[in-house]
Amino acid sequence: MSSPCRSAVSLAALAVLTVAACDREEREPRGAPVGDSGPAAITQGTLYAGQPSPPGPSHREYEGNAYHISQGKQLYVWFNCGTCHANGGGDIGPPLMDDQWIYGGTLENIHATILQGRPNGMPSFRGKIPEQQVWEIAAYVRSLSGQTPKAASPGRSDSLNAKPDEQRMPREEPKGSSPGGPNLEGRQ
Amino acid sequence: MSRALRIGSLGLALCLALPGCQGVQSALDPAGHQAGRIAGLWWLFLGVLAVVYLVVLAGLLIAASRPRRRGVLPNGPSFAREERIERRLTGGLTAWAVGTGAIILTLTGLSYAVDRDILGLTDKAELEIEVTAKQWWWQVKYNDPVPSRSFETANEIRLPVGVPVRIVLKSQDVIHSFWVPNLHGKTDLIPGRVNETTLVADREGRFRGQCAEFCGFQHANMALDVVAMPRDRFDAWRESQLSPAAAPADDLARQGQQVFLSAACVMCHTIHGTTAASRVGPDLTHVASRPSLAAGTLPYSKGNLAGWIADPQRIKPGNQMPITSLSPDQLQGVVAYLDSLK
Amino acid sequence: MEKAPHFVTDLAHLPTSAHGPRSATWWGTLGFILIEGTGFALAAAAYFYLMGQPETWPPGQAPPDWLWGTAQLILMLASLLPNLWTDRVAHQEDLRKVRVGLVVMSAVGLLTLVVRAFEFGALNCRWDDNAYGSIVWVLLGLHATHLVTDIGDTLVLTALMFTRHVEPRRYTDVTDNCVYWNFVVLAWVPLWGLLYVVPRLV
Amino acid sequence: MTAGTDTAVVRRDGPGLGEAETNARLARSWATPPGLWGWLSTVDHKQVGRRYVVTAFTFFVLAGLLALAMRMQLAGPERTLLSPDRYNQIFTMHGTTMMFLFAVPMMEAFAIYLVPLMVGTRAIAFPRLNAFSYWVYLAGGIMLWVAFILNVGPDVGWFSYVPLAGPQYSPGKRVDFWAQMVTFTEVAALAVAVEIIVTVFKQRAPGMSLNRIPLFVWGQLVTSFMVVFAMPAVMVSSSMLIMDRLIGTHFFNPAEGGDALLWQHLFWFFGHPEVYIIFLPATGFVSSILPTFARRPIFGYTALVLALFATGFLGFGLWVHHMFATGLPHLGNSFYTAASMAIAIPSGIQIFCWIATLWDGRPRFATPLLFVIGFIVVFVLGGLSGIMLASVPLDSQVHDTYFVVAHFHYVLIGGAVFPLFGAFYYWFPKFTGRMLSERVGAWNFGLFFVGFNLAFFPMHILGLIGMPRRVYSYPAGVGWDELNLLATAGAVILAAGVATFVGNVWHSLKHGVSAGDNPWGAGTLEWATSSPPPSYNFTHIPVVTGQEPLWTLPQGLPAQGLPVVGGLRVDQRELLLTTVVDADPDLREPSPEPSIWPLLSALAVTALFIGSIFTPWAVVWGAIPLAVGLIGWFWPKSPPDTPEPVID
Amino acid sequence: MYTVGASAALEHQGRRRRCFGLNIPDAEAGADVVISRLTGAMVLVACALGAAVPAPAQDASAGKAIPAAAASPADDGNWVMPGKDYASTRYSAQDEINTGNVRDLQVAFTFSTGVERGHEAPPLVVGGTMYIVTPYPNRLFALDLTKPGAPLKWSFDPKPAASAQGVACCDYVNRGPAFADGRLFINTLDGQTIAVAAETGRELWRTQLGDINKGETITMAPLVVKGKVLVGNSGGEFGVRGWLTALDAGTGTIAWKAYSTGPDADVLIGPDYKPFYDKEKGKDLGVTSWPPDAWTIGGGTVWGWISYDPELNLIYHGTANPGPWNPEQRPGDNKWTGGIFARNPDTGQARWFYQVVPHDLYDHDAINELLLLDLPVNGAMRKTVVRPERNGYLYVLDRATGEVLSADPYAAINSSTGVDLKTGELAMVEAKAPKLGKVVRDICPTAPGAKDWNPSAFSPRTGLIYIPHMNLCMDWQSSEANYIAGTPYVGAEVRMFAGPGGHRGELSAWDPVKRAKAWSVKEDFPLWSGALTTAGDLLFYGTMEGWFKALDARTGEELWRFKTGSGIIGQPIAYRGPDGHEYVAVLSGVGGWAGAVVVGNLDPRDATAAKGFATAVADLKTKTTKGGMLYVFALPQRR
């Protein structure tokens, strides 16, 4: 008699999932306006003076949204992110699919890294990539290590098979001295 | 009952009387050899099949309204079959089936002959154009045995009149379909495959082509202009396309070029003669010489160009050109610069 | 409408169960075999279609190792003997022998599943390597699904035959199950050829 | 056996038992439990069939509303009523719903309801499977529509061409819901197909040899075989699509050895027969309605049956004509041209036979016949434009344009929906016991016919002058404006026609004229029982002596009704099985009782299918409740509590 | 001499790889090892028995290859340029350490460079001082060899721009300094050439040559010829335009600059230009063999080795791959990339050019070392330049005319079938040509080639060329590359894996006269270090796990090995110390393209990491770590 029970439970769970889908599947080509994150919201270490600051806004519009992440993946290729970071494994630039974040792994950190550039070779793309596209790329970068909800993460590309696609990547728990992103997967 | 027929003939009359069949995107207004043959075949099919249809309708009409023998069985149906009538009807059926077969066979043969004829043009191509469909625009490359004499343009194809042109069709994203009804039927562009078709324009003119396979968000606004021109004008045009972009002539344009090369534009577009050489979006080296903008969405004009750059997502929602945050001054400069790229 | 019905025959003498094409279930089983056979055929057609793409075949991988697939083939062909025997004794409605047959078939079935697990391990490719890997996994997986369902059916039937549910219709269930197992085995023969022999021929 | 002779007599159908007593006992044995439990556990093919009809019609109305929305958007150039994203979802949902959730299930619905009645049996074969199929179908439909309402509607067309529908170009789960809906509906359709095949093969009334099977049943039989061979193709391809999207297989990835055209081959290997799966049952409607209203037996029974076979067979050889523009070798294309045109021959034969029947009959122009005449007018036009599409050069111009939209609406609405409405008017009395209004019926037909032609005829011309399909907008000045406006006006009239029908049904359910057993004086077996029929269909299993048993009663017997057979149990659900060819009585088999397990199994399947949109492990975990459900379903009742009565 | 190894390797060429990532034990390779051990043992026995037997005297008779005389002066015990001499022989005439005593070799001293990137440079030794240049930040150290433990004499920090790290394609390496006339010349990653006084470490001049914002870096070792410092740029993966320039050694002013693409005037093609083959003739081929404008971002960088023949007064240098990698984006021959130039060092004017890989398909830079040897060819001695090329062929060209005398495969090749000696054309295999959007599988050799930059050595004593190379194959999918200045311009996705046989590296001894492999040694990891051969009939090289090995130069038998702290990708040298004894020195510090997986801590789950190299050597992470250490070896003194 466990069958109806189970079915009911899974149906309920799925109902919740599908409601969440409203946001996840929205396709807003103009991008979503993101509140001012500013440098104040970004930290690059885990050491704080006094109490730790509250985390910055989560921008679920971007990293919970399949369309934006997918656009981010497209832009990651178009804007040559992949020629330095490969498909996440790294090349000239560091790998993006592992659990180490040199300059912070929150969406805001990645956004800042793309805009500002970093001293050891990361170019600055300020003025070169419009704001909403930077958020999209940042969201995609987080999906590389499984930080975004599975149901919103991209599947394989019509391309050479380099690695399991983002939605199949196990979530890497960010380690080391820099803050990781919020665990959206656990919250969904 | 024959309302369909009446509406049909009305429609056709309409089509013939009004500029209906004429048009920049009409299969019934052929301007090329293949489209001509196909249109001919179409009228032939239409004639034959219209007769068939009329026969069926007449049969139906008579069957429904002819006078009846009465009273075979007062209350119930006449379940007793009459041999004579059955035999006659069976004869009719046989004749009908044979007739259908004969018509079908004839039409198949005609269709095959036209198909062969159209294909015969393939080997006679003198020019090769490579068309790559992208979501949602057309990249057009004129190939030449001397690599430096090949060039790229976007969303427009110019053809010399009377010269068969091989069109090599490719796609890097999803399936599209290349269709210029006035010149020829459609051929799909399929990722992982290379298709070919041949175009030949019999007369000068400007025609409109459009993607005919559903390709996502902006399938509706993925058109291209096809311009057939005399050989000498075509050659002149070709030479002009081979030249690098003109240097900006005035301060506004110069400032616009600076903006172009330092803002988001340079991430996606190519302008020969500058450092802009990205291939995400259309090659803009001679953008101001093209008839339309945004893959046939807007006719080319300075105003439309400004509107398009200012908010491409309003004009063509979901297309890959983002909203950039250019200041009005910057926008003016970029527009002035691009408008100088004849 | 109270007319007296005009009875032309009394059918009370008709039996209430029969084996083979006389029973509806047999036809139902046949229907599903047709559906699944079509599925197999289409998947096989997809295999040949992909093989026809301009690619080496298999692309970059060694063909699946012989051992486990061939062991499976031998095991399955051998299983036809107890299966046909079970079918025969079920026709005879010999409860003791049917029980023996079902136990044997359950064991054989579970054994094929074990072998199948090793087969997946010996494919020399992953499903996400390339199209070859994908179709190979799907073909093997499709057949594995049939193994699982038939073995499930066999196990349930075995349970029924050892409890109070024995009645004539159970024997026809057994014979229908035997028919289905024959299908599962016969489907494996061409699939085996496709998975193990074809890549070595091209 | 200890049971006395009395008991035996009592428990069997036969002259010894009075009619009233027989009916009472049968009613008890075949009853569906009362209340909600009964509603959920019923296995009565008529109840399930009715649900199918109502559900499929609901989807028809919903998809029709989407069509109206599209016509509103396209009424003029560059309108912005709908965003491109919304429009793409809408046209996808329209096509998908019409094909998968309306057309095929509706035809199955009629088969489920009518085939057992027409062949003279008490129940459909595998009634629990039948109930299961409905629940699965319903779950699939609800899933798709809930997804659509939540903005997760598929947006890549009902054909879901890869790579657009693949993982790279369709992020999120929109396409997965589409693909899984396909799995749901195909499971349902395949189950029904097997039921129909077995019902027709094994449960025909004694005497209904092959040459006496009603044409409707023939149509459904051929359709069911087509389902068996065609539907696995779309299941295979949609499974491949889901795997490509979820677990990274490469079936459609051209870079890693896959191919986008593999999808098209598999899809159209299903998709083209799909048209005939919808059309052939509709020919069954026509072949049922025409003799009744022409008041003569159908002309060319054998030819019509052979035409069904020919269509069913040829239907599998045409799929490539959907792919003429893909650049396949031209010689092969010519073969498919010939095959596609050849299918006009069986269709022509059918049309001839129907017109001939009318010709030689004494027609009564009731609403069903009006719709049949409308069917011929419209469908023939669609068929003729189909011949144009079969030609490679012509197809290269009109493929994927509004010409094709016009063509297949002429074929599908003409070929299936017109007969369907005829069928509604024809069988409504049998389903409900009440007649639909003939006067409103004439209005219904008129509005529908005019609206339809106004909406779709201009599309032929639109296609020829260059308007492609599936565009959410079109520019002004290309010359498409007026015809589009005309089409939109037609669509509104068409919708009014459908609304008239709904009103007619609504009113007639309460206030319609009582129908009686056989209001039309028809000849097939479903009219030999009451309207609506009892749960056990027939008090006694009839013996069939001709193609229209009610018209061809044996000499000397008309006054007494049909001859019948006795000897079936009345205290339990028992069916008479007959031989496949001659329908000689062969076996008495029990028929299952109502059960909740089909519903529970369907729920388990639903959980498995929906779960596997999100994770492949759902297949593993979902298999456990499903196994429990199936074991519960097939677990036999305790040993027979009522021993087989002794034969005296 | 035996050639079992070579024949086995050749036999493998036609065979298909089985399952990638799976090392299938190779029966023949096993047999090879056994034979090699047996033979080695016999040689050992022979040595033990007849230690007094003199080493075979150098056979100067015809029928043997010898270095170009003018380019290889007698060894003075120093090592002043990375190639040892202008002929690039990497041969030391020191023979104190020899096959008999090498087993006693031990560490004399070490020095930590403080940098943990790929150390590809050789130390230089001039007088009593050793000079070491590190990878970025390109620090220069002078060690005083006259004192015990070789203490630091001075150091120089050029302080290059940190951002240059972002535009260095394959680790931030530097391939060595050059010495001339009391000056040291180094190139920095951010595109500068700097002259430093050898005695004091004082900066003399610096010239900015490259622009990192365009992706230009400099990693090559300069060569000083006739008072000119020859420097070429790197950045072929960034859409730069390749060039070679000559700087005045005294002032750092540019004497001439020759581009690898563009109009003849830019390429310094003038009246002196007399190529051997017709396909190299024509006006402005550097423009017309490209799509419009493509030559301006077409690569052809000069980041490899330069040789110089004083007698002919010609320098020889290669030009790297055209950009982007995706060949469909650049139809045409893409002159003057992927070829070898002979130029007049005074004016830079080209004398001849031979395009090794017209319209390069696989990132086959033609920048490998050029050995200037005089060889008997068809009975006559010819002045040749010998080049083990990335595409797997060992080319022998007439260095006066540019005629191809022979081109023989020394590694597993399936992407081409050979070179037509009449036309100089390389016959490509159509089925292995890269395609846009399609994975073309199992292409051998790979993008880094059968052999990359790491130079071979030539011993006049054995007449053999010792080629450290790789045995890898790859899957390749072209994609459309977008040029965005300062970011890579590649357009290809590559994954690499072990080639036939399952081993990934190989050291082959090649007989240029017999045009055959004399012997070869298989290595588990790709060889990314240079080779050194000495008059002691020894061959030295390092492996990526960190082994520094000495082999018998005649038989390939391993005589000695030492495990250094990190993987070795540097160039070993031998010199005579101020104490008159022979020393062997090498820098240990894994990195480079091959070692990126370790130094960049890349994630090999991504098969395309490091352009496909990371996964091919994923296990390197378990074998070694980053490091930067100089090791100097010598025989134990006065035991």
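Think of it as A, B, C, D and E in the order they're written, each chain with its own count starting at 1.
The rule is simple: a residue touches a chain if its C-beta (ideal position, glycine included) is under 8 Å from a C-beta of that chain, and two chains touch if they have at least 3 such contacts.
This structure is a prediction, so every number in the text was calculated from the model and none was measured.
Colleague: Looking at the contacts, which chains touch subunit A and subunit D alike?
Modeller: Both-contact set = B, C, E.
Colleague: If I average the CA coordinates per chain, which chain comes out farthest from subunit C?
Modeller: If we average the C-alpha coordinates per chain, E ends up farthest from subunit C.
Colleague: Consider the two chain pairs A-C and A-B; indicate the one with the greater count of contacting C-beta pairs.
Modeller: It is A-B, judged by the count of C-beta pairs in contact.
Colleague: Of all chains present, which has the mean Cα position farthest from that of subunit D?
Modeller: The chain farthest from subunit D, judged by C-alpha centres, is E.
Colleague: What is the distance in Å between the mean C-alpha positions of subunit B and subunit E?
Modeller: 55
Colleague: Indicate the whole-number Å distance between the mean C-alpha point of subunit B and the mean C-alpha point of subunit D.
Modeller: 37
Colleague: Could you state the distance in Å from the CA-based centre of subunit A to that of subunit E?
Modeller: Distance between chain centres: 41 Å.
Colleague: Could you state the distance in Å from the CA-based centre of subunit D to that of subunit E?
Modeller: About 73 Å, centre to centre.
Colleague: Could you tell me which residues belong to subunit E and also touch two or more other chains?
Modeller: Residues 437-439, 475, 477, 481-482, 484 of subunit E each touch two or more of the other chains.
Colleague: Show the residues in subunit C shared as contacts by 2 or more other chains, in ascending order.
Modeller: 55, 59, 128-130 - these are the residues of subunit C that touch more than one other chain.
Colleague: Using the touch rule from the top of the page, what residues of subunit D touch 2 or more other chains?
Modeller: If we look for residues of subunit D contacting two or more partner chains, we find 85, 163, 168, 244, 247-248, 250, 253-257, 259.
Colleague: According to the definition of touch, which chains form touching pairs?
Modeller: Between chains, contact exists in these pairs: A-B, A-C, A-D, A-E, B-D, B-E, C-D, C-E, D-E.
Colleague: Taking the complex as given, what residues does subunit E use to touch subunit A?
Modeller: 162-170, 237, 437, 439, 475, 477, 479, 481-482, 484, 486-490, 493, 495, 596, 600-611, 614-615
Colleague: Can you list the subunit B residues touching subunit E in their complex?
Modeller: 143, 146-148, 150-151, 170, 172, 191-192, 242, 244, 266-268, 270, 272-273, 275, 277-280
Colleague: Would you pull the subunit D residues touching subunit E in the complex into a rising list?
Modeller: It comes out as residues 254-257.
Colleague: Under the touch definition given earlier, write down the residues of subunit A that touch subunit E in their complex.
Modeller: 77-80, 83-84, 86-95, 97-98, 100, 117, 119-123, 158-164
Colleague: Note which residues of subunit E are touching subunit C in the complex, please.
Modeller: Within the complex, subunit E touches subunit C at residues 16-20, 22, 439, 441-442, 475.
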